[in-house]
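Look at the two complexes coming up: subunit A is in both, with subunit B in one and subunit C in the other.
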Partner chain A sequence: MGFFFTFMVELSVVLSLIALLIFFVFYFLYHRKSEIEDAADAAGYESPKQYMRDTLGERPRVLSISAFLNDDAKSIGIRYIVASLFFFFIAGTFGLTMRLSLTVPTPSLLSAQEYNVLLTEHATLMIYMWAVGSAIGFAYYLLPSHLKLKHDSRGVYASSGFWFWFMGGLMILYSRTAARWYLYPPLALQLSASGGGIDNWLAVIGLEAVFFGLMITSINVILIIWKDRDPAIKWSQMSMFAWSILFTAIMIVASAPPLMVGLSMLFYDFFNPIFFTGATHEVLLFAILFWFWGHPIVYVAVIPYFGLIYEIIPKFTNKPIYSYGSGIFGLGLLLILSEFVWGHHLLNSGLGLAWVLFYTTASFAVVVPSAITVFNYVASLWSAEKIRLTTPMLFAINGIMDFVIGGVTGVMQSNQGINQLVHGTYFVTGHFHFIFMGITTGISFAAFYMLFPTLSGGRTYNVRLARLHFYFTAFGSLLMAMAWTVGGLIGMPRAVAGYLPVFQPYQDASILGGLIIGIGQLIFLYNIATSWLKEPSLSLENALEYKGDEAYNAGGVPVPNPIAAEELENNAGGA
Partner chain B sequence: MSGKIGPILVILIIAAAGLSLGFALNVPTTATFSLPAVPAHPAHYHNVTLYADANGWNYNVKGYTTNPTIVILPGTVVNFTVIEEDNQPHTLTIAYGPHESSFSDTLLSTSAITTTPGHVSHAQAYFNKTGEYTYWCIIHFTTMVGQLWVNNSLPTFSLPAAPSNMSATQNTTLFADSNGWNYSHGVANPSLYFEKGSLVNFTIVQEDGNPHSLFIALGSNESSFSEELMKSSDLGNKTGSTFTFLAYFNSTGEYTYWDSHNPNTTMGHIYVVTSRLSIGLVATSGGISYNGHFNNSILVKNNTALTIAVSDPTGSVYNVNMSEGYVPAAGSMTVIGKNNSSSSATLLLNSPQAYALFDGFNNSTHHLLFVYDKIVNYTMNETIHGWYNKTLNPTISVAAGDLVNFTILNGDNLSHTLEINPGNNESASSAYSVAGVVPGQNSSSGFYLFNQTGNYTYWDLYHPSTAVGIITSGNASSSSAAVQPSISSLSNIDNLSIPELASVKNDS
Partner chain C sequence: MNDKLRKEVIFISVVVVILIASAVLNVFLISNISNSVSQNNGAIPVGAEVIHVVGHQWAWTFIYPNGTSSVNALTVPVNRNIALVVNSSDVIHDLYIPEMDVQVYAVPGMNNTVVFDPTHTGSFYFECVEYCGEYHYRMTGTLQVVSA
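Now for the complex of A and B:
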């Protein structure tokens, strides 16, 4: 029973910490509520919520400690943005360390187990805490302005969603799991140094907590878009970003429950292995429950950023996007198809020819909405009289290009023959890093740069350093992912702590790429630190949020506000 | 203040990333516990065979204990043999301490054990530190977990000391032969039956000049929890030499005796029973008679070794058959056959049951053999209106294992029978006719054995609609307390001696 005892003590400590945190948050909420009621009274408002909307609502919000205490949408948005930035750098450090450990073919710098921990943590934290987290952050931050929310009344739910997500991320980090991000049993059930990690059970709880947070958040976001937006903004006038967030939230609500159930079953298996390794088990069952969610999550990680690209391009071309309707149609089709292609992650697990044909065909069909989206971007740029290559615009264009490369290498894998060839190789790693670096990470930075004047309280960032950050990130990720793609095509296995010496050139190239990305991010951090020390010189209103989205014309096509070009450049940080 | 947020944020980010990396790289990468290397010449060896099953080590393997506790001396090398049972991945992992721990040594990994049923894998482990170890499968750690104790002395089993002033009640001679006890003297490795409380005088005769010992353990298998009643030096190597010793048995059960020099060939069993009973049967052309009758009731107390001897003065052809139930049935067991070399057999009767005992060549007559826990008398008066004892059609309480001697009194001088069958309803097909009276007959009696818990139905074949009632058979532990106290005629005669049995009791 000692094992159980230790286990229960650890569990109760974690639960107590969560309870303490919840109490702490409750206390602040309660305290704040009474303060707001007093303030609303003093200002002559009947309803504190009305007072909140008018005083906080759509107005610019600066990054400050209060963002972690207030529960209005924008504060929670800042919370997500900052937290996801932390996790990006944590997981990014893990990734870079993995790269550096592969300088020699034989694992020497890191043991295989250390490599597995870094591999798992890098993947899990990047996906759930960075890609999804920063998308939710921008959603909470931008939607009040884009939709002119008429009230903001579910802050408590939004906040609890954040803390569930955040605590879940910390638990995953603390668990030092080595079971890969898909936690396949029986490896995930082996609580040992050589198995899934001694504390892998905590990763399962942590992931479940992340899911609780995401479910709360998704339902809340759907309600914000559906119920809370200004009635003056019709469905056909919503910003593309709002549409993309709506699709993303629907995708999470539709796909997460199977894995939430699967994780509960997995957790039960720690005590009594009856589901996945027991007498009447099916190991593939967990894989199916996982990938039913596992594929939509990778679309969850890009669709919000597609929406952001639609928002960014018009700001620097001074014209609306080429086709609002086909943009929505493309993203919506992506949402539908995402639910039917999960089987392509299990093509080589013995699904049978009929299912393989179904999933490869469905996966190939994803080309259609992807192409609609890319052509829409290209047409928007093509038809512009003038494109201003500011840093966010550079990130956006680079993202489109990376998406084309990553998309083509992706659709190649929907051929079962090629899939068998590249399965388990760096080709796959290269494919999704093109997309995650170009779209997810690049567009996050683009949006962050555009929001910087507001977040920093009216300061400008150093444009030269920002450009440098872009070039390092873009070139580094191109080099790294391309080396993987080529190496993978000739058979370099992924997710292992070593490699055969024949793959040395590809590993060296990707290590160089990884180092370049790392240096780029240090430049980013230096830029933030130094820019924040400067005196504020700009208005708090940023281009992404406030400029160009007021005048949605009758046809439902957003057009940029004819504001002064200088102000837009300054506020967007462009040159 | 707001101007410093940026640098603070950056510093925090760098610190968080650095600390996280340090934390992640601090992950335990190897087991910090390992058993010492196996020496070339250990003091002891011990073999352990484990069947790997997700429900438990050795789960449902005949002759093996599930998750056995292994007890060894310090300085022992344990040779583990792990046999895959169930298609599941398993490991054999050992930690020092009473529980599973992450500080463990995996002797056999999933790849070594494989998931192929029947696959045999081996591992050696050396234990030189006393204490409690735990062995388990890291995948099925809730079910597949057992203890390994390294003790300075092995726990022993020994027979109890005989009361002083007691003299031997029984003599048993065994011939020590490497091929088996009594190898060339009738049945090899004979089963021995002793009454509880017997002081047995064993005489061992050296038969083949090889060294022999005699170990005894409780249970149906050889075990390390054993007593060495005879060392090889006691008997010596001289053919024909003898060694005698006394052994006292005062608890019932199954024991195993064997010679540690020839453990595979010399394993026999000793059954210590509540009582021993011998009965003599006579084979005739009209069936098998007992005490001059062809349809006797033979009452045997539960947990008795019953020796049946048959004499055949007329040279008739016979088989002594036994079947469960009140009538000769197909699938019966031939206890003694005309082809058997022996005309006697000993049966261990250790659960309450009614048997029919009959001649396999002529089953027109049969005896009833009841194995009972206790005997109860019950009398009822019967009329056309129903059974009567204090109340009409009383509900009778008995305990499972009770042998009830029913007496029925003829209250209206008509024909009546007492039929009993299991269940809540009358069932002609499963009923046994215990007793019956006809006009002019005052009373009749018969035995019925209740060998299971639940309800039985008693009824009258001639008046089934009025004369019917229920007998509830409870757990034996509820004993006579379950008997309705108002039924004064119900008396416990457990301790009464039964003359017909006492007369046939003799030594084997």
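Now for the complex of A and C:
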């Protein structure tokens, strides 16, 4: 009886899974076919294929379940945006929990083990799933309309890139790794709760999957920009955002393979330790392989948002940006120079004076393209007659200011004397949280707000709540990151579950900042949820993709798709 | 050269000049403090007190020239060159003494050397700032600088 019962249960589960799969495949194919046929019919086309070739990507796309069933660029973009927001809120909750655990010098809310897991997950998920994921999302979503795509023929290929990336993220989440995002062996090879985490091997596979997805995506994005765009759009007429995505994709393709090799060597070491530990090892070799990717990744996480700022500013100043040419030059130089500075993560590891001299000097040079970019923003704002401070514009201006603070604290560390004093302290944490909160997170929200009328099918968000979200996020991150920066200068170590009582004030200030950020994100969720329940009242065209009468894109290219001025006002997020 | 480009060139030239000045300053600084930059099997000045440091999960062990050792407590004489030879017995650690501007990775298989010269007596804290597992945050201790 017992065996028979178990057998029947298993059989029925397997059969229902097969039925579900068949239904899904049928629905998937049928839904896609019928949707394309309907759209072709409505546009007066006889052949759906002809319709796909001619108009794909130019029409606004609403967030719906079909984004997970279709494989065109915009659908994949929506998938990335939704998935990256999902991981943002998971990793953000981890970050806030870590803050709350640090209210007293000894671990309180979390044990040291739990703290280390959250520390690792927060970093890994935020950078790969949020920063990079939402950049790719906006790339897939905006490029079809920015470049008037004429072909979209690698849908399944691009879709597989998304699923590798997403499954990799889930594996990292499930592995409960505690080896930090850079997985230094021998710690990463200690498969115990007090070392790198019992299932750390799963995190290595997950990361490899994420990289596999990122490589597929980057190659696809390069092909979209290079081959699929409307031939009428010359290189010199592409939007700044397309340029920034092109540079980002090149950077991923150029820098990720060494770490992919390194990760597979690390995985081999779990079974037979020969590369990074054991008799013939070289421990720092993995660190070198990691940072060859680990530094470019932080530029991968900001360059697309630099491009978005170039797109946002002209929409609210009604003027082209100050200089299109030096904008591209700045981002391109950033791409090249940032590949030469990764060694500054290992200045104190004993690699010697020549290493220190080369990488500190190179780190000074990388400031030049950053300065070109910031000057371009400031000059664009300076030469505008009127700046409309809408929510996206507030995020953009705050992002520029945060980047200046984060950049100056960054270049300070290129001085070896200062580096020895602040490396490994909260000073570094403060430095990159300025940039990641101001540029990566802030500009993502700005772009999301601008796309909201399209994504939600013509609904408008509550402008006052959006402003509150902005002020909470901006002031919270300023307080949090500034407390870390100042605390780091007097030697407050980062990545610790507990701390010396002397650092209490700085920790308290950053906890307050973290709480303010958390409340801000709850306001955002509430605003989105209530706005989604309202009746649609706007047209589907948003200002980021479809330009109004007087709005320019970054290249100052004229207006192909005019919409009424007051509608742009609404669709761009309030007065 | 049009007006826009001229303004940009002026702005960037100012930045480049500042950066070159900072970079040259950094090079001179490094050549002056070259002893304090962590280096594998680095040079040890004549007459320096050589202290061997071993990082392990999760404490620091200091071995003095006379063969005695201490855990998470380092005592050094004032106004004398102190050479730390830092090693690790398990994973990567990072010894950090903020007051002395000393930062040196403890890497298994490497003998990273730094030299510092305490100029005043007192009690200062040191920490591990390279994440090394569960009780990473407990790898702190006290540096006592005493008059010789």
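As a convention for this text, the second predicted complex is superposed on the first by the 503 of 575 C-alpha atoms of A that agree within 3 Å, B and C clash if a C-alpha of one lies under 4 Å from a C-alpha of the other, contacts with A are read in each partner's own complex, and residues count from 1 in each chain.
The rule is simple: a contact is a pair of C-beta atoms (placed from the backbone, for glycine too) under 8 Å apart; a residue touches a chain by one contact, two chains touch by 3 or more.
Bear in mind the structure is a predicted one, so any value in this text is a computation, not a measurement.
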Once the shared chain is lined up, is A:A19 touching subunit B (first), subunit C (second), both, or neither of them? neither
Which partner chains sit in contact with A:A371 here, subunit B, subunit C, both or neither? Use first/second/both/neither. second
Can A:A193 be said to touch subunit B (first), subunit C (second), both, or neither? both
Is A:S456 touching the first partner subunit B, the second partner subunit C, both, or neither of them? first
Is A:V9 in contact with subunit B, with subunit C, with both, or with neither (first, second, both, neither)? neither
Should A:V62 be classified as contacting the first partner (subunit B), the second (subunit C), both, or neither? first
Would you check which partner chain A:L118 touches, where first means subunit B only, second means subunit C only, and both and neither mean what they say? first
For subunit A, what residues appear in both contact lists, the one with subunit B and the one with subunit C? 112-113, 178, 186, 190, 193-195, 277, 281
For subunit A, which residues count as touching subunit B in their complex? 1-3, 62-64, 82, 85-86, 89-90, 92-94, 97, 110-114, 117-118, 121, 173-174, 176, 178, 186, 189-195, 197-198, 271-273, 277-279, 281, 456-457, 525-526, 528-535
Residue numbers on subunit C that touch subunit A, as the complex places them: 4-5, 7-8, 11-12, 15-16, 19-20, 22-23, 25-27, 29-30, 33-34, 36-40, 42, 57, 90-92, 94, 96, 98-99, 101-105, 107-110, 112, 125, 127-138, 140
Show which residues of subunit A lie in contact with subunit C when the two form their complex. 107, 112-113, 116, 119, 178, 180, 184, 186-187, 190, 193-196, 277, 281-284, 287, 322-323, 326, 347-353, 356-357, 360-361, 364-365, 367-368, 371-372, 375, 379, 411, 414-417, 419-421, 423-425, 490-491, 493-500, 502
Show which residues of subunit B lie in contact with subunit A when the two form their complex. 2-7, 9-14, 16-18, 20-21, 23-25, 27-31, 54-55, 86, 88-89, 93, 97-102, 104, 106, 110, 138-143
